[in-house]
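By letter and in written order, the chains are A, B, C and D; residue numbering begins at 1 in each of them.
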Amino acid sequence: MNFDEIPIRVRYGETDQMGVVHHGNYALYLEMGRTEWLRKKGVSYNQMEKNGIMLPVISMRLDFKKSAVYDEVVKVKTQLKKTPSVRIEFDYEITNQADEIIVTASTELVFINMETKRPMKCPDYILEKMNN
Amino acid sequence: MNFDEIPIRVRYGETDQMGVVHHGNYALYLEMGRTEWLRKKGVSYNQMEKNGIMLPVISMRLDFKKSAVYDEVVKVKTQLKKTPSVRIEFDYEITNQADEIIVTASTELVFINMETKRPMKCPDYILEKMNN
Amino acid sequence: MNFDEIPIRVRYGETDQMGVVHHGNYALYLEMGRTEWLRKKGVSYNQMEKNGIMLPVISMRLDFKKSAVYDEVVKVKTQLKKTPSVRIEFDYEITNQADEIIVTASTELVFINMETKRPMKCPDYILEKMNN
Amino acid sequence: MNFDEIPIRVRYGETDQMGVVHHGNYALYLEMGRTEWLRKKGVSYNQMEKNGIMLPVISMRLDFKKSAVYDEVVKVKTQLKKTPSVRIEFDYEITNQADEIIVTASTELVFINMETKRPMKCPDYILEKMNN
């Protein structure tokens, strides 16, 4: 199952003067979503970076349907789009406490060899874990 | 000319451990780009909100081509996509000091009547200023 | 017991190019610490604001002893300093996974009546809950 | 004159639901203040880091007197407290458009040799520039 869900409680400092979560902060929520998705697959993004692979974001799309408010616990649902090769793509749905979808999003990231600074294929040991 | 350009110096706190601007921070750069675009047209977003109209972002797309680093002065070029009605759409290009494009982006915002909380058409006095 | 502790997992976007949590982000960690301290006392800060009382920070002191890194789970220990009147003061200790103190901090906040915009005494119903 | 002043326009995303700049964001304003203070002395913090010296913050104190609002241009006045040795200390005053002091602050930073990860004395070539 290439799907995971985490709760995030909205911080006061994440709101803006409209009284809702500032749209830019959702980038951090997506980042947490895919970090935990990877962790549940047995992949530590932190360890990956220490092993010389980084995963910069090359595209991000966000559609904002509704707002989230301070102290609300939203849920970030992260789903792998397809088997990764050089790129890895995720889709996201963020829902509020009433289970309404407030944000849909997608991101593309690329595996980079930190030594050569060049794109590389997703390592086999990660692919194997993802397929479980 | 529905086009404007502003310089932004990258803050230390906007970098992440990859040593470059964290992708989420570009949302703030775009926000500054369109605020200044509006100001040069004679429209203060701040005043608009005080007059009861807000402009939440309903979609944001970002493509990251290259990185920006600490202390670099990047340029945000903001362009109106078409005459606004209920929605207003902007395209952006962010360039680095070598004049290379590092990020392209687009946003859609919607005019909201703060009293009724309903979408509304772009007010005429704003439309007139934008057409200059 | 006027003491509470919460875990916070460091987000990637909270690091800077030194490879550690940017010092400015600890303000958000302290904010989460006192929000949860209040909640465990039965006080919702969110509800307090809806009831017309806000609690702006009027001073903040931070001493940074060690760094926290990405993906680490730090602990924020929040303690009420003394019985609040117009002001409420908290002390904090943030520890890393090795249980070393990485940050000590204190904040002063003031109860503000949102209608009059004037300082006010901590309401009795809150004082009672805090004394439990 | 060990004193410098820079203007900063408040970004929308820097406000919170109280309608004013979130207190945590002032850390970034102070950082910009000292970066520009150094630059005017002929010292690039960026270059210093590339030369193997970093300057982490070891303490930060902030007193919040008044609020700053969206789109306001505040001024950050940065002053060196005394001749630096292993530590360098700055005092700050942030004023609003009406020239009222809204925040006073101070920070201590320490010179760190990035190779040995040990504190070091402020290099002579920097001391000389600071004394001009």
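Here is the rule we go by: a residue touches a chain if its C-beta (ideal position, glycine included) is under 8 Å from a C-beta of that chain, and two chains touch if they have at least 3 such contacts.
Quantities reported herein were computed from a predicted structural model and do not represent experimental measurements.
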> Rotation angle for the CA superposition of subunit A on subunit D, to the nearest 5°?
Replying inline: 180
> More C-beta contacts across B-C or across A-B?
Replying inline: A-B
> Looking at C-alpha means, what's the farthest chain from subunit B?
Replying inline: C
> If you average the Cα atoms of subunit B and of subunit C to get two centres, how far apart are those centres in Å?
Replying inline: 33
> Hey, how far is the Cα centre of subunit A from the one of subunit B, in Å?
Replying inline: 24
> Out of subunit C, which residues touch more than one other chain, so two or more?
Replying inline: 12-13, 17-18, 22, 24, 27-28, 31, 70
> Which part of subunit A faces subunit D closely enough to touch in the complex?
Replying inline: 12-13, 15-20, 22, 24, 70
> In the complex of these two chains, what residues of subunit A are touching subunit C?
Replying inline: 9, 11-13, 27-28, 31-32, 35, 44-46, 70-71
>> With touch defined as at the start, can you tell me which subunit B residues reach subunit A in the complex?
In response: 17-18, 22-25, 27-28, 31, 49, 54, 56-64, 67
